[in-house]
């Protein structure tokens, strides 16, 4: 940590800060700059707590060099983590994985039809929401446990592992019995108690980035899962909230190669929620693969116009099949490019 | 609702939309504009579901005129709601209420000292956190139930009702026994299951605006509480996340007079979390009162430099006492101004 | 335009608005909704001015259905505009164009070396900045007209048309003599006088999106150029400012397929300024091509470590050559995919 | 400056950076942290250029302790700057100044009426726009020089100094002849050439914060004016662009006390543009005064409903007079509070 002093900090203020650093068991190193003095805190083995220095006279700013997470960082775990979801491997240098299915499970028939389409077109994991977070209380809230059971059935019927969202602690155990991977949604990324309890579950967790979470906060949220005992974490970029509202959210694909440098945990992309416009989604799916995402999650609905939730962002079967065919050709090009 | 058609929408596309509107039991009114046709949906008695119209040929955009909330809206409940917290009244046209106390409860001694200070200086409600949401798992997470009990004791000792945060469903009942008002924090504003369960509790709820929640989403979250049976809701503006990071968050005080027009629920302001710099806070407290907030919540710590959490944003006793004195004079001026 | 009335608007308020609409020569169509009345303004042939209705009793909101631009809209000009820069064609369904060169022109030698690299590797247009907008006055501000002349020389020497930025009106004519395309940067996107004067120049204009410009404002800025007489406009997405600062800006590639639907003007992508981290840039260049951009602009510097400006975001010659090779393979895959 | 090295930076990478620091004439100080080494650059007398260190092996990040501005900083100029506009003093600890008038000058009659109102109600400076920046080219662009002359006439007639916006370099000299203060608007805050030329004019400059400008960029823009020779600069906070669009912009009043600590230049507040809703504005004006702003600028129009530009945000004469009366009482309370 670096403690930056005010321009006009007195000599005795600086000495007091140095004394406090030493009292904490660290070494202090004064760095006289052009405008002001900064004091380096040396000899720490982890994140330095700034508390003892707060409010001291002449102190202007704290600059943390060490991050608020450690277990998720590639610095301390250089090898890629490969998460297995019902036998399907997800990791940075693995073939990208396609997770597909309807936004919300509406009925056995609807999910069956969707499952067959995504299986046939080559998806690896089936998705479907049973508990739906909705902005207002007057909208469809999902089928609940009935939906979870339908998902489990269809997952077995078509032979694809499944992922579904959990929203409250008492759902964790039950959903873990029926599904291969538990999703924690964007609105719950900083529901720290849900994270703490999910950390104890013996199933992989798919953690979505919060609507306005910095990458540092995103990684610190994942740190809750690893610190609590669950190393099988998949991160999911799904767009952030910005001033631009022409499309629903702003999907920043540059975070993919950035996160690849910073964390060993795989990161996938969900363009459906970010964009909310059907015919743009396949473009973003391809772009996600091109920038190196470990996988992609998309919404597919047998009849998007009749969907109870998020219809405009769901691909129809034909659209999904066409996209999967184009992705295969793209993958060949990417593999060729890298060999070259 | 208004359904805006594409510029080049065909006549039969328009007819199909009109037919669908009528099939839903509404009346359709075609509005031919300069560039494109829009079709009004008439005869609805609440929020119109756009689902049946999604994906129809030629449809460009849906414009909702009716909002996703109703119970919280002043349109349908013109009189101010006055929430009582342990006998203290909070409402738009009531004298503004001061809620004060430490960010986190650290010990009996710390809270006792803080309680006496805030009581003597004229605060009406005592705050103190027992369950603390922290970005990373390696930071102090609060004293938990022990903290809740200390708060209850001190609340009685100094004779001030109390408010404290809950973070998980299984805390609701227990905390409601010990505290006069339950806070749901910014990170949990869209933890819809927590809202649904809090709606069943017979204590007022203080709901903070999420870091990137629009006012519409904020009101729709409060709608969960009212729809679930709890009409005693206090809203709290605490700063939003923007590109500017010189101060911690961006505290938008203009939302106070705006919300006063839109909702009957009282709105208070918490400048401590938004600003994070001690000597700026009293300025913002005064400004909050001036724009008409129903109350203010500030952090006061007997020794801010030793605080385990958010020290730099806590007022010390002298600062708080000075601020309260200045507020009294300000209030007289405001009352005089309005009479004039 | 739709005029939304307050919930409690009186009947005579509504009648007054209707009368005002008719006084303006339009037809009024009242649309009684569940919560409030909205009044449609019909019979307009362009953007309806809301001025005469402002401040009228009972009026809550104006919803514009018609956009503040027309000439740039695909609605009124369905065919792609193909802009020619020194013989190179840039358009939505043309092969994507590579614009490359150093951020700032530093010397004849530096530009010569960069020009040869980008030419040999297959770029189509040479870029180089002579007038540099810098946050503070104490940074390198570019070589000015000397730089423009060096660019012109090198452009001829290697046989590539050139593009360079203009920052003030009195530079327009002179720079237009020496360069094939004039760039108006993000900070000047709403320098409306510069736009008005650039509209009179007989050279294509490359207009960058402002740091916090909505797509609507971006298109309205381009409308200044078309309205002023210059139809040869290339738009450039270069990242927007958001709360996330891990990377410099947030590059939203989903705007590319979105803009393709909305405007006939070609849109290219500049990932260098958005990202600011060298080894991430080639990923984003590929992604831009995949989502359908009409071209890409990247910074290439013979010795990035010695660059006077924006070194960390410049590709070195080896990096650029490798990227261009990979792009060729990618392009074949994309062409194959579309044929399939 | 602090150069943060990668976690796994090799010993010889660190030595190379140290050698480069010394080659630049500075002293290097290695600060071994828990996770990584940071190297302090010592002995600088101003902003350290990071160029020579860019791209060096093992370098992760540069942390600047010295800011990109100096002349505007209170560190180097502790006393408040007091700017005189036609004899009216504007400064941090001066009585707050009221600048008022119509958004756009529409006619002699309109400005005359507005001028008389604002003069009588106690405003100190008259504002009025002659050159108007408009999002699209099809809107009213202002009366131009004719407007400037009308403003000058009315300024003399009622005896109030005037301020008006300039948008292009060739307007500077002419407008400076007729007006007491030149405004540079938000969209031109980083029109660096306009700043450079305005720096040579012998009239005070009112510089508005850009829509998405950080405070650091805002101060660096003002640095252009001071560095170019014009010390008479007034800064103006007018709201920033965020995800929230219920009101037009987000007006962050906490920047006022923050800037008071950082700069000696006076900062005023313009709530009209931020809010865009008439009846909310007086609340924000009072709040601006309460947080210590050096002045306030508001739009007043004799007949807001007929305004050619920004009508809904203009106060009518009665509203302005009422607000001025309330401000007087408020000011007394503030003065009393501070004496206490």
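First chain written, first letter: the chains are A, B, C and D, and each begins at residue 1.
Simple rule for what comes next: contacts are C-beta pairs under 8 Å (C-beta built on N, C-alpha and C of every residue); 3 or more make two chains touch, one makes a residue touch a chain.
The shown structure was predicted, so the numbers you read here are calculated from the model rather than taken from an experiment.
Trainee: Using the contact definition stated above, find the chains touching both chain A and chain C.
Mentor: Joint contacts, listed by label: B, D.
Trainee: If you take the chains that touch chain A and keep only those that also touch chain D, what is left?
Mentor: Looking at chain D and chain A together, the chains touching each of them are B, C.
Trainee: Taking the mean of the CA coordinates per chain, how far is chain C from chain D in Å?
Mentor: 27
Trainee: Compute the distance, rounded to whole Å, between the mean C-alpha positions of chain B and chain C.
Mentor: For chain B versus chain C, the centre distance works out to 38 Å.
Trainee: Distance-wise, how many Å sit between the C-alpha centres of chain B and chain D, to the nearest whole number?
Mentor: The computed centroid separation for chain B versus chain D comes out at 31 Å.
Trainee: Give me the residue numbers in chain C that touch at least two other chains, ranges are fine.
Mentor: Within chain C, residues 46-47, 70, 212, 216, 241-243, 245 contact more than one other chain.
Trainee: Tell me, which parts of chain D touch chain B in their complex?
Mentor: Touching chain B from chain D are residues 212, 214-216, 240, 242-247, 250-258, 271, 274-275, 277, 279-280, 283-284, 286-288, 290-292, 325-326, 329-330, 332-334, 336-338, 340.
Trainee: Quick one: in the complex, what on chain D touches chain C?
Mentor: For this pair, the touching residues of chain D are 46-47, 51-52, 54-56, 68-70, 133-139, 167-170, 187-188, 190-194, 196, 211-212, 216-217, 220-221, 223-224, 227-228, 241, 278, 304-308, 311-312.
Trainee: What residues on chain C touch chain B, complex-wise?
Mentor: The touching residues are 1-2, 4, 7-8, 29, 31-36, 38, 40-48, 63, 65-67, 70, 75-76, 212, 241-243, 245.
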